[in-house]
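As written, the chains take the letters A, B, C and D, and residue 1 is the first residue of each chain.
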Amino acid sequence: MELPAELLTRAHYWMRLTRALDERGAFLHKQSKIVGGYFSQIGHEAISVAAGLALGPDDVAAPMHRDLGTYLVRGLHPRRILAQFLGRATGVSRGRDANLHGMGDLSLGLIGFISHLPASTGVIAGVAHAFKLKGEPRVAMAFFGDGGASQGLAHEALNWASVFQLPMVVICENNQYAYSTPLARQMRIEHIADRAAGYGIPGVIVDGNDFCAVYQAVTQAVERARAGGGPTLIECKTMRMRGHAIHDNMAYVPKDLLETWAQRDPIARIEAVLRERGLLDDAALAALLERIDHELDEAQAYAEASPYPDPSEVTQGVYAD
Amino acid sequence: MELPAELLTRAHYWMRLTRALDERGAFLHKQSKIVGGYFSQIGHEAISVAAGLALGPDDVAAPMHRDLGTYLVRGLHPRRILAQFLGRATGVSRGRDANLHGMGDLSLGLIGFISHLPASTGVIAGVAHAFKLKGEPRVAMAFFGDGGASQGLAHEALNWASVFQLPMVVICENNQYAYSTPLARQMRIEHIADRAAGYGIPGVIVDGNDFCAVYQAVTQAVERARAGGGPTLIECKTMRMRGHAIHDNMAYVPKDLLETWAQRDPIARIEAVLRERGLLDDAALAALLERIDHELDEAQAYAEASPYPDPSEVTQGVYAD
Amino acid sequence: MTWDANLHTGVTTLAETGDAPPGAIRELTYLEAIREALRYELQRDPAVLLLGEDIGVYGGAFKVTQGLIEEFGEQRVIDTPMTELAMIYAAIGMSFQGFRPVVEMQFADFISTGFDAIVQFAATNHYRWGQAAPITIRAPGAGGLRAGPFHSQSNEAWFVHTPGLKVVAPATPADAWGLLISAIRDPNPVIYYETKYLYRSLKGPVAGGETGLVPLGRAALRREGEELSIITYGAMVHEALAVAADLERAGHSIEVLDLRTLKPLDEAAILATAHKTGKVLIVHEANRTCGVGAEVAALIAEQAFDALDGPITRVAGPDTPVPYSPPLEDAHRPDAVKIRAAAQRLLEF
Amino acid sequence: MTWDANLHTGVTTLAETGDAPPGAIRELTYLEAIREALRYELQRDPAVLLLGEDIGVYGGAFKVTQGLIEEFGEQRVIDTPMTELAMIYAAIGMSFQGFRPVVEMQFADFISTGFDAIVQFAATNHYRWGQAAPITIRAPGAGGLRAGPFHSQSNEAWFVHTPGLKVVAPATPADAWGLLISAIRDPNPVIYYETKYLYRSLKGPVAGGETGLVPLGRAALRREGEELSIITYGAMVHEALAVAADLERAGHSIEVLDLRTLKPLDEAAILATAHKTGKVLIVHEANRTCGVGAEVAALIAEQAFDALDGPITRVAGPDTPVPYSPPLEDAHRPDAVKIRAAAQRLLEF
């Protein structure tokens, strides 16, 4: 099935924005404007953008540290994201949380993530459960990685979603590594999706660097969930193209593996599709990149001009009242 | 394959002893000599005895609350078990732990269990790991139930055992209920053994009320593990024939389900095999039951004559020195 | 009730269930007070849900929730798989969508299995991204029932130490009722420690309706006195009151403060009683080291230092698991005898 | 090193690795002291194993274990799946078969994911059935590194409260070495809190060989003084020493006690310093309520009451998650300025 031109063009914008924002963050880190850690998501753009686009406005997602695209697609402005990276009062977490942690805003259907992977899978099971109890045609989406797959919570949450037949879509981002740990040391199976059978739910395997494939698989799962068909586990095969975090030089990753996956770059692939369908040429791409650059310049300026949080407020907001 | 007569006869003794000891415990509870909770294992004799007999003397098992037979087969004397039930200083845990909890004795290859199910699966992965690291041809065995199967630890430990290809056998006692929760509310699959595929290990389904079937399946898995072939998950289908614990009247269990399973009583079945093979008749059975009764009378007398722990020792032994 | 029954999902109204009229006082056991508080909130607020292992069809391991699935249906009284971590995470997710889930731990001892969901996630969302997580976790705790190391724990200090949580521990049927309702309505995650020992052994008056509410964060002066303050909570309140009555016969005047809420502590009430009597005895079943009693002592030592006429004394569970055998458990658990001895020493100081 | 390398499994002997001769003193960073202690024990005792996420080929998130897999092989330095709960359970199982596993949590923050294995299982086996569980859990904790709420936690109080565990928190390279070796050799489960902040920022002399051992349960008097005692541990020891030096210039004499072991506490040393100066200031990064400081204060208030000349004062992390943004984290974390202000108030009391 061919995806509509408008969708592809939109997706392309988001994927390019995601990458550019990611690179901007890395640059700010190099400049020591971002202190602490920084996670690059390069290589994950097709997954995070497709997953985000497959959801409706009332759906809820709990993205993790390589799902920058999902945050953007759901409407989190780069201004707030860069201000978050810089620890400013205008950042999503008002300076309380670091890098992509705690970037939640339920008005955008986004849940702020904690480090303890795969927490998103647990909380999303509850969100999906709420939708089901209220009889609302809404879908909840969780993300976890090949590392997160080893955690007990991944198992518990998938089983929970299955027992209660919840409108939940779980995106497993199998990027071959969990920090330095390769897949073969994380588990002794090839496909994480094979675990779906152990919960009596569909397990789908998809090329995570092919926007169209991810979009179609996720859309199908979202429709299924919305129609009362229960949860789906979608394994997206991809590769983490940078280190675990910015300090990590990835010496443990074989060079040829990276080269192989570099050939499959998700942005190059969607651009090839767009060009083939006459939806993109060099001039249009250059214009798009410039537009994005401007957007990010403006966002960065906003973030850098933003104040730090007031230290006298450090104890505020621990409790809701 | 026909099992040797000697083995069957031995197994029959252990199964009868297990049931008689269990009933003795229930009776002592009724007499208020056992305070607190009491767990009956009736229906589980084939599993616990077969699993115990399939192990060698240097192997290690971590049985749980319905595996009385395994404790017995591995050499834990009914004296120490009854003294444990009665909270005496001569009990396995010296009065510190309750009913079947904490009945550990590594000199018998037994690990004392904690309530937090399925802890045994986790610790046994470590024991198996130790065997592998030391290059010893020993096997470690864990037990968990259909309820325990939902816990994250079951997943983590199976994955661990698979990644490190450990000499581990995991017995899943699927007795249809976890406390009041029927299987269909615990998971949306029929066979827990199907989850083995998600770890790349063999999953075996066996009739848990058929001693011979369990013994053969476990023996095969033990041999496989000892030979370096890695872990196996064996699902034994059975039925919990009493309430969760002694206070539970099981109103939630359909009567016909219990009746169906009563027809499959594991002791009746091994006795049918023995009779068929000419290894048992009424007189022999009566003699056996009497012998067991005597053994348990003696054990009970020992337990009841045993002192309570000295309260002044309450803080002793928290730490090893 | 059995699993075959056709569970209805309707919500019954107050009138139908024959409740006491608002404000009327009923005699309820501690357990009944909890159940009635759950019923009251289930009736009042469609956002309230119960989640837990065996809480529906079976009515709960202690039958606290008995009858509620029949009354409110399985959409609101939800039997779950045996999976504490996912359960608490799921409750938080539900709370993000407007529900007020009340999660039952079968025993407080199993709360450690869902620990991450509580201390890392529930406790931090509001501080980090302004999202409230109004869940209540009911934790049947404490000992005295010969239930051994895994069915007798008093592990409240783990959560009292963790910012972002509230912790309560009612000692009477009235507080069991009033604090549970307040916990459910509070926009924060609250751990509600109920004392199994009191379930059926303690009966008392409970004011129905809104009059019986007990605010979080407020201690209760159970008995006024002049010479010494016993500060405690849970089942130990009753031991302390027995000691106070006993010592009164010996001519002493003892004050008993029931903390009721362990986080946030009622600092004003604690400091007031310390100032008043100058002698403080803190009692709890939980292990001594770094228990709630340590915080109460530290608070007084810092902020009521001038008022003290004697060492701040603690009577607590010794630092061991709770043993099973009756003589051992009795040696372990604080009781009137142990409390009286400590009070006597402090009075004579 | 890469995953393709052929990891050898041989054990190198002391002589081969160019270690300092026994007793010789080396200048090591805090991090190097930890690594060298691990190497020393790996060399000395074939039962010692390391387990953790990314500790082998990668050398650990902080490179604490760098080089050890090359030296000791993947049978002894074991890269694990990302699964803290199974990891700690497995370590306990290994310890039952004679091993002495040292488990690295990637950050102390993730210790909650393996909580059950520690507090329910590791902590209770010996009391219940006499089985020792000699495991060591290394927990890189505390803040000051702009790492936010999930990479800055000081959660030691959870374990100090739990019977059956030991907890240590070295503040110097010498103690990092000496306490780690003692922890590994101890027959009980020990949580070893190492302070990330000090990894590379602190260098100091470390006595090699057996002479450098530091026994568990013994505090260290870092500075003698007469007027006021600061009792602390971890990175705060250095802040306290800076304050003491500063106040000396203002004519005050301050004692600094480094607890080093948090469970069991060195009660004698704590009471001795309280008796000596009569004024106690307790400092830690961990959240204030029910922290280790509460226990120290309670202990003193109970057992050194007569000696006190001023309120026992605590300077601790406020009861919030550790925030990320530099001005917020600085406001949160105790430092010399905050400690000095509290000390000044107490001196003037």
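Convention: contacts are C-beta pairs under 8 Å (C-beta built on N, C-alpha and C of every residue); 3 or more make two chains touch, one makes a residue touch a chain.
Just so it is clear, the structure is predicted and the values come from calculations on it, not from any experiment.
The chains that touch both chain B and chain C are A, D. Once chain C is taken out of the picture, touching still joins all leftover chains into one piece. Centres computed as Cα averages put chain C at a distance of 33 Å from chain D. Centroid to centroid, with C-alpha atoms defining each point, chain A and chain C lie 40 Å apart.
Measuring from the averaged C-alpha position of chain A to that of chain B gives a distance of 45 Å. Annotation for chain C: residues 81, 83, 85-86, 109, 112-113, 116, 120, 124, 127-128, 149-150, 163-164, 319-321, 323 touch two or more other chains. Counting partners per residue, chain B has 93, 96-97, 101-102, 114-116, 150-153, 156, 159, 163, 185-187, 318 as the residues that reach two or more other chains.
A complete topology is adopted by the chain contact network, contact being made between every pair of chains.
On the chain A side of its complex with chain B, the touching residues are 150-156, 159, 162-163, 165, 185-189, 194-195, 197-201. Of all the residues in chain C, the ones that touch chain D in their complex are 109, 112-113, 115-116, 119-120, 123-124, 127-128, 149-150, 157-158, 160-164, 263, 265, 287, 289-295, 297-298, 300-303, 305-306, 308, 310-314, 319-321, 323. Within the complex formed with chain A, the residues of chain C that make contact are 49, 75, 80-81, 83, 85-99, 116-117, 120-121, 124-132, 134, 163-164, 166, 187-188.
By the touch criterion given at the top, residues 1-4, 53-54, 57-58, 61, 79, 81-83, 85-86, 106-107, 109-110, 112-113, 145-151, 318-321, 323-328, 330-332 of chain C touch chain B in their complex. Contacts from chain B toward chain D in the complex involve residues 60, 92-94, 96-97, 101-106, 111-112, 114-116, 119, 121-131, 133-134, 140, 152-153, 156-157, 159-160, 163, 317-321.
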